[in-house]
């Protein structure tokens, strides 16, 4: 194997890993702050991809511009879902196990609504478009320009997120809420604001991921679930509730998958990632960094 | 009856217990005191099998029970209560106690009989009139009674009571102390109790061990303990008046 | 009892279409009842029912018609239970959301293993089953399975074993401290629970005479079962029948004509029910009953 091939694999791994990180961070935010598992996360990605697709094919708007609109819409949807559905049930449900199963059902309900609305409006045909497909050479590795953009955007957002969580007051409040809910309330953290923020940010990141993915993968109404499962794998890798762990976990999974596939065959990709997932969950249930929150 | 042989326990670098030695004799009421974070509940968790000790052994009725699973230790007749009481909230009071009969030492197969015997225990602890209540609807004092009743149903020879008097009013404390004494004298159950209320420790316990940052610093009758300079120093500022 | 006789005789009086609808209803009854044995009684929400369904289907696809029908479906169930026995070692090391994700992940894992094996062995992913038993035979088999599932769910719930399951649902450590071997209990419940989807999957493979990994391991099965169990109050034997019957009939009436609208409606119903009746459709009545009982004992005391 020569150097260009190795670099090629590395780049591909980073590109897909960056997107995994975006998806997983959002999912983990909602889990960390509210203890809810959003199994409709992939459907937000799907909707983001469709919106980008239509804006591009109908109006010729570049995905790199429409990403702003997509994120805005997704954030709004997130805030509405949080306000209308989750605030009422969180305040009325006392038992953790009931809340767990009920939130699962609600997110499942959302996911089938989104999938079927998409099928109804846009049929189940796979769609795609080509944008910025010219090839650029980086260190002798040929890469399509749209993938470079995806890499750049996702890493920029990851860095932004890291700074937000580590350095700002808001980030500290979020981390405090995740670590110890009761104590953080005592010191004056406003949980409602953070719940809104988590939902809005989580959905916006999913929309962003959909936008980026639409540039190089096919779009169908059913594309969501595999991404949801992948995001679960990532947050387990990085630790459930450990938001920064998800950033690392996402990139790691992207690399492991790409390297694994290059050594075997594409059909093995899901098997590799699920094996890794099962191993981690059984051997190190708190994630590879061991700091997850139950 | 119970021997704790140089037990140590650490959680990821934090030493919660260090070479603790103690023995509980059959028929007595033994006490365990110490400031918050002294390792009292950790010691109970080690004895009852919820944590394996890092070093050392726990022997019960001359049998090494180190590393046994909690349910197995319970079936040998060593039953614990929890500091923060944990009744099964959606079950009735009677059902809570029946579970102890069905699964504890006796492992009754006959539900009718289990229920009857559970009711007798509720009468003993004075909770029979609330047998049909859902456990979540009880007051703090009644929850503690239920916790004790449920543990009694599991058929203990040695009962570990983790702060059953904490948070009770003076009147309730007096009633609860009578109950503990009755469990010991009428039912012949050996008791090992963690307690903060010094009056209760002095009034009930035959012997007391003091833990301080995971180490045993004293052992003796309540009076000896109260006079021990090391204990007084450890408890500096706290009221040890008898 | 009379109901069972009537159900058994149904094929004499009605058309094939109605029998096939009833077959579907019975399938969901069996799946939901078996699901509550673990997840309803212990609170360990499993998204893995589809895995057992798929294993049963594939066992049938691989052995049919070498094995006789009855032996085939029973072995499919046994295989499914055996599988639960093995993975039970692993899945019960975690709880709460980890358990939910792990069971979902395991199902997807098996799906992809099967896809890869099928491509390697046959080059294609689908399998056709020739010479399947007629509809009425399959219907009677499914009726028997559904009845067995209801009976087992009922017996477990009202047994000493069930009392242990319910206690660990409330508080696992407290149950453990009272002598309940919580790990063993969950494990046994899992093995019992897994038997039925295995059998049902085997019957449905013959019913459709065709299987491929995507429809055999369809995660929708796992989710649908939860919805039905939820409507029935999660831990109620009768409620689970109600939930399964209700949802299957509604789906039968609308699905073929307006599939997307139907699914959207199901989604809306789920959200609205969870929001306004967080304990399911049956619970409000049960709650009132409990309150009355408590009142009675208070007045009596």
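In order of appearance the chains are A, B and C, and numbering begins at 1 in each one.
Convention: a residue touches a chain if its C-beta (ideal position, glycine included) is under 8 Å from a C-beta of that chain, and two chains touch if they have at least 3 such contacts.
Owing to the predicted nature of the structure, the values given are computational and were not obtained by experimental measurement.
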Of all chains shown, smallest offset between own Cα centre and global Cα centre goes to C
Farthest CA centroid from chain C: chain B
At what distance in angstrom does the C-alpha mean of chain C lie from that of chain A?
-> 31
Between the Cα centroids of chain B and chain C the separation in whole angstrom comes to 42
Inter-centroid spacing, chain B versus chain A (mean Cα positions, whole Å) | 47
For chain A, write out the residues touching at least two other chains, lowest number first.
-> none
For chain C, jot down the residues that touch at least 2 other chains.
-> none
Give the residues of chain B that touch two or more other chains, as numbers and ranges in rising order.
-> 89
What does chain C use to touch chain A in their complex?
-> 43, 45, 90, 93-94, 96-98, 100-102, 104-106, 108-109, 112-113, 115-116, 119, 169, 219, 223, 226-227, 230, 234, 259-261, 263-264, 266-271, 274-275, 278-279
Where on chain C is chain B touching in the complex?
-> 160, 163-164, 166-167, 170-171, 173-182, 290, 293-294, 296-298, 301
In the complex, go through chain A and note every residue touching chain C.
-> 31, 35, 37, 85, 88-89, 92-93, 96-98, 100-102, 104-106, 108-113, 115-117, 119-120, 225, 229, 232-233, 236, 240, 267-268, 270-271, 274-275, 277-278, 281-282, 285, 294
Provide the residue numbers of chain B that touch chain C in the complex, in ascending order.
-> 48, 50, 69-72, 74-75, 79-80, 82, 86-91, 95, 98-100, 102-105, 107-109, 111, 129-134, 137, 150-151, 153-154
